[in-house]
Amino acid sequence: MSAIFFYNFIFYSTAVIAVVATLLMITRHNAVHALLYLIISSLSMAIIFYLLGAPFAAVLEVIIYAGAVMILFVFVVMMLNLGHRSVEQEAAWLPAKGWIVPSILAAVLLMLLVAGLGEPENLRGVHLVGVKEVGIVLFGPYLLVVELASFLLLAGLVGAYHLARRSTPPTPKYGDAQSHFTPVSDSEADEAATDQRIEEGKA
Amino acid sequence: MDILWLIPTLPLLGFTILVLSSGRMPREKARVVGIGSIALSFMTTLYIATQYYAAASHGLDHGAGFTVSLWPWIVAGDLNLNFSLYLDGLSLSMLFVITGVGTLIHIYASGYMWDDPDYTRFFTYMNLFVAAMLMLVLADNLVLMFLGWEGVGLCSFLLIGFWYKDPENGFAARKAFVVTRAGDTAFAIGLFLLFRELGSLEIQEILHRATDEWEVGANMPTLIAILLLGGAVGKSAQLPLQTWLPDAMAGPTPVSALIHAATMVTAGVYLIARTHPVFLLSPTAMTLVASVGLITLLIAGFTALNQWDIKRVLAYSTMSQIGYMFLALGVEAWDSSIFHLMTHALFKALLFLTAGSIILALHHEQDIRKMGGLRKQLPVPFWCFLIGSACLIALPPTSGFWSKEPILLAAWEVDPVFWAGAVLGAFLTAIYTTRLMILVFFYTPEGGPPETHEPKGWQLHPPLIILAALSLVAGAFHLPAADALPHAHEHHPPLWVEVTGILLPLVGIFIGYQVFLKEKWQGLRLANQQALRDFLAKGWGFDWLYDALLVKPFLTLARLNRNDLVDLVPKGVVVASTQCYYFFSRGQNGQLRFYVATMAAAAIMIISLALFT
Amino acid sequence: MKKKTGLGYQIYLCFDYIYSALVTLWGVFSHTFTKADTVQYPDEQPHLHPRFRGRIVLTKDPSGEERCVACNLCASACPTDCISLQKTEDESGRWLAEYFRINFSRCVYCGLCEEACPTYAIQLTPDFEMAEYERQNMVYEKEHLLIDGPGKQPGYSFYEFSGKAVSGRQKGEGINEAQPVDVKSLLP
Amino acid sequence: MTPVMANILNVVCILVFVVFGAAMLTWVERRILGIWQDRLGPNRVGPGGTLQIVADMIKLLMKEDWVPAFSDKFVFVIAPTIAMFVVVAAFAVIPIAPGIGVVDLNVGLLFFLAMTSLGVYAVMFGAYASDNKYALIGGIRAAAQMVSYEVFMGLSLMGVVMLAGTFDLRQVVLSQQDGWYIFPQFIGAFIFLIAGIAESHRTPFDLPEAEHELTAGFHTEYSGMKFAMFFIGEYVSVLMTSAMITVLFLGGWLGPDFAPPLFWFLLKTIILVFFMILVRGSLPRPRYDQLMSFGWKCMLPLSLVNLVVTGALVLL
Amino acid sequence: MTDAVIIDHAFILAAILFCLGLTGVLVRRNLVFVLISLEVMLNAAGLAFIAAGSAWGQADGQIMFLAVVTLGAAEVAVGLGLTLLLFRRFNSIDIDQLNKLKG
């Protein structure tokens, strides 16, 4: 039982886990179960990253994907509160024949991708790229990527905030500077929201 | 000199502030911005003038200018244009006229336009106009000059159509725009020719090269001079492009005063004066300039005799006075021409503003038949109008006399025919001015003089008084423009020539007095000859002529050409693209999954193409 | 009052919170050195004062007679209505309860019955160990309640003062009791 | 003894120690709280009550293993395992003493943060699967709270990383030979302590399981050993937070030579555990919005300032 | 270091996961599932980057992975915000019904 064998064993078993979990994920009817499998898939991906000599990416995968992004999903699923109804609905939305065309498409694409992978002799072995190297390159030549990422996240933040808020406060008129600072009490805001809903109902 | 750039920038800044306020600025503040930018520009001009004179007195060559290069503007191949300003005596005098008279007219307008709902918009346009005009006169190259040239055209268009809700004003604005465009096209072609022949657009360099490369009387300078003259004629409302100016009176009166009397319409004079070396190379062009001026001044004088709208009378008189300037240019009396430009700017602005006061006092009544006997009711406008009229008639010792007399003398020197026409024009000027004075202020119609009301605001009278004072004494000024232009010849005509030039206007006044106030010699009254009256009232039928010659054939041609075969090609394109649109829009079915599947299929195709070829 | 805002005030508030938290922490920590109040009950009996409100008893007067006169005041005072009784008389004219029943599974040991009792018959004792395996056993009858003694009021006997003729003692023979007025006499 | 055997022994010892230590902590906490509240606490079972945990465990094991009929059973069962798993896994990277410790990961600190961030799943899945409104509210609160506090928990540690120049926790300890990081990184330690308390949702940041409002929050429906796993998980995370503070700010096992390194590590950890119990015993629970605004408006800027200032000082 | 085969197989794994995610996007009608499947696709792309970076021993792969993660996070934030909005407005998150922008 050599180290290489052990290493490969872990790699292939995690790879199988990732594929199986993803497969289960796309076939689940219950959103929370699907998320659970997705988390398992991400965690096994993290292990694969570690095996590929990218510990930083592995930890980031857990912290960001599993620790933050998936939480958002769970959060939204809970807020939507779809319940049992959604499971039945999902079952109705997933007829067997609906799988044929997508599966063929994906299979063809997969075959092409694998075929296009080329000969492996160009590739060298696994290299360890540590946190320090990544940091030096990230804040050196790739500084623009950091800036872009921050802009992207800011845009996402603003967009998500704007989209998910429940009602918009009344827009102040020009020159009516006072209205910026007048706090709108909760009851007023609720009334406004109610009015809006009534109007929507009429429309 | 280093703050020369401030002069056009300040009005532009005012324009920017006003246009960014998008009409929400309170009137008081808009007024401050509108007037303040021009006034600051005027002060800058004064400072620049002191510097200019100081430099001139320190042995600088007379006539040489200062070039202030700001930044490279257009760099394309051989063409290398700087955004640079040029200051010499000519542009300095123009600066005085534009900023000085401009400031006074802005002050006046702040009172005149007070009740208008679009107060801010008015000052926005006015500031933009002043900026463009300053750019025009300060430009160091012809392209920059053309920029200002078109800028003032735009502002003129905007301001004539200021009260755009009345379709008549819109038509007038459009007419002015289109007619001046005809001249501008000629100007632009002239520019291209200059660039092709001389390889430069820097004015000073062009002028030097032109005199170096061309002989007097060669074809090319003649052609270029005539094209430039076309531009000048369009802008300055001379024959044959004069028809837009009377209609331009549809704009607010301060606009008429500033743009259509004092500054913009004299841009043509400035252009010819600026490029005079080119004109000097072509005696034909010079004769043409003089002839155009002469004919225009006569036609406009006759037309002015028979107008009932106070502003149209003044508009025709403006045309006539610019005719004098062209005449002066054509007879090489350059400095007299610019001097007349300046004095005319003063007294014509005065006349227009006074007319504006009268119009305002009569609740926007412009028909002189409904005025009369206003001498007592409107004392300040009366005296101001009197002084302005005296200047216009060129009675000694007003400034009009000192500027017009040299023109007459110079015309005599070149050709007595020019002199005779000019004197006849002066005679006509005296008659129609007297007529206007009498009908507005002296002659009491049946039913007594009309009701007037005191206009609100303190801004109306001080500019009038200042302009009146300036009009009286401006003849004593030494004009810096003289430095920049070749000196006129010393004239020594016979004495009777000079005396005739002084006396004939007096005769005209007497005739006007007899005919219009005493109501004698009614046979001389043009109003009694029906056909002639109509002909004159319609500006010698030029509008009809252009309509028949240009507009109608064009419209007919367009109508005939409406359904020709060529249209099938664009129509076919339209049909084909519509069909394609219907076909492809079926794919845009709003189904996300369909889109993704399409993308995946496309990815498969691209990858297989990459792999298997 | 104007609401205070601004960064300075916020920072002050932060420090104020931290300071108060530290004070609280120290206050609690200082209890490390104080003695625990807990009594290890089954091993170590707690000291209960006589006025402790525990199990209810019915006392007897010094002569060994029941004090309760079945006046029903305790039952009407009881907030949980756990007392029930029925009056009767013996041959000597004494009033007493035919039955007297307290349901201790309802009783809240408030002591209002004790306060209401005019004869010091019903009293609360420091006994609290009343656990039972069956609920029915919590219902105490008179014989369960009665004790042989005067409880917290030794030497008090209601009938000594009551002015009622019982057990051969006629009216006017009680302690501090005047002779009854002879309505037929004209003397004051 | 081969190295493999030594490693396995290490793993087993630490696992046993952690789990039983956490279980003991339930008893310790009750006793300590008793002292501070002038009570005695559990002292009957065994000498001084030390066998209380055995009794508790027997009780919990004997309880009916109840899965509510309306729950999502798969997720319901998995949630407590996650709770237990992530905290125990996080313990793997803590260097207890030279030679003691499961693994020396070169991204140990990040691994710790990763495991902490996974802890929220236990809460959310437990809350979701219970199909109980209190549990759901508690779960959403917990998710929001933990995700928020994770942010500056990570940020507060970056100052230490800058000073030590490594994510390897053993290296972090060794780099504290000249002085504990609590002195230069006082603010970081403070923030990390608060964030750690919030992450293990203990009083005063126990909003997700606030008894007064939400019965027991996300584990309302849990009982028996599943409840015990949540419960023990919480105590393991207390231990873990204390151990992390010890490692990162208090010099880990470093101390005078008269006692073994393990002693120093345990001493510091236990003192910190006691401090966290003291905090639980003294401070009141804030309102939920106060908790969130405290996190985002006070702790986050503070940790960013700490980060920037530390970075500047390190660069200088 | 280790056998080169593993890199190759990591690419194959990435391809498999990508295609699985694609299938998910194509099949599911629930917007939440579509977003989840998208995450899988992004993850697969990240894996490919990491594997390439590992093969060449360069940090660039991990940098690109970081960019992918950022993209995923921003996308999820906005996507889920939209999901909530749609659910509130139409009381449905069926993407087949959300075809008001069709041509």
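Per-chain numbering from 1; labels A, B, C, D and E assigned in written order.
Heads up, the rule we're going with is that contacts are C-beta pairs under 8 Å (C-beta built on N, C-alpha and C of every residue); 3 or more make two chains touch, one makes a residue touch a chain.
Here the structure is a predicted model, which means the values were calculated and not measured.
K.L.:
Which contact partners do subunit C and subunit D have in common?
P.N.:
In this structure, no chain contacts subunit D and also subunit C.
K.L.:
From subunit B, how many touching-chain steps at minimum until you land on subunit C?
P.N.:
Steps on the shortest route: 3.
K.L.:
Counting one step per pair of touching chains, how far is subunit D from subunit B at the shortest?
P.N.:
Counted as steps through touching chains, the separation is 2.
K.L.:
Comparing centres built from CA atoms, which chain ends up most distant from subunit B?
P.N.:
When every chain centre is compared against subunit B, the largest gap points to C.
K.L.:
Based on C-beta pairs in contact, work out which chain pair has the most and send it over.
P.N.:
Top-ranked chain pair by contact count is A-E.
K.L.:
Which one of the chains is closest to the middle, using the mean of its C-alpha atoms?
P.N.:
A
K.L.:
Taking each chain's centre as the mean position of its Cα atoms, how many Å separate subunit A from subunit E?
P.N.:
Their C-alpha centroids are separated by 7 Å.
K.L.:
Please compute the C-alpha centroid of subunit A, do the same for subunit C, then give the distance between them in whole Å.
P.N.:
The mean C-alpha positions of subunit A and subunit C differ by 69 Å.
K.L.:
From the mean C-alpha coordinate of subunit D to that of subunit E, what's the distance rounded to whole Å?
P.N.:
Taking the average C-alpha coordinate of subunit D and of subunit E, the gap between them is 33 Å.
K.L.:
Among the residues of subunit B, pick out those that touch two or more other chains and give their numbers.
P.N.:
Expected reply: 597, 600.
K.L.:
Indicate the residues of subunit C shared as contacts by at least two other chains.
P.N.:
Counting only residues that touch two or more other chains, subunit C contributes none.
K.L.:
Specify, in ascending order, the residues of subunit D that touch 2 or more different other chains.
P.N.:
none
K.L.:
Show me, using the given definition of touch, all chain pairs that touch one another.
P.N.:
The list of touching pairs comes to A-B, A-D, A-E, B-E, C-D.
K.L.:
With touch defined as at the start, can you tell me which subunit E residues reach subunit B in the complex?
P.N.:
Spelled out, the residues of subunit E in touch with subunit B are 22, 25-27, 29, 34, 95-96, 98-103.
K.L.:
Mind pulling up the subunit A residues that touch subunit E in the complex?
P.N.:
Residues 4, 7-8, 11-12, 15, 18-19, 22-23, 25-26, 31, 34-35, 38, 41-42, 45, 48-49, 51-54, 56-57, 60-61, 64-65, 68-69, 72-73, 75-77, 79-80, 86, 89-90, 93-94, 98-99, 101-103, 105-107, 109-110, 113-114, 117, 120-121, 123-129, 133-134, 136-138, 142, 145, 148-149, 152-153, 155-157, 159-164 of subunit A touch subunit E in their complex.
K.L.:
Considering the complex alone, what residue numbers of subunit B touch subunit E?
P.N.:
It comes out as residues 584-593, 596-597, 600.
K.L.:
Using the touch definition from the top, list the residues of subunit A that touch subunit D in their complex.
P.N.:
For this pair, the touching residues of subunit A are 30, 32-33, 36, 39, 46, 55-56, 58-60, 62-63, 66-68, 70-71, 74-75, 77-79, 130-131.
K.L.:
Which stretch or stretches of subunit D touch subunit A in the complex?
P.N.:
72, 74-75, 78, 105-107, 110-111, 113-115, 117-118, 120-121, 124-125, 127-129, 136, 139-140, 143-144, 147, 150, 154, 167
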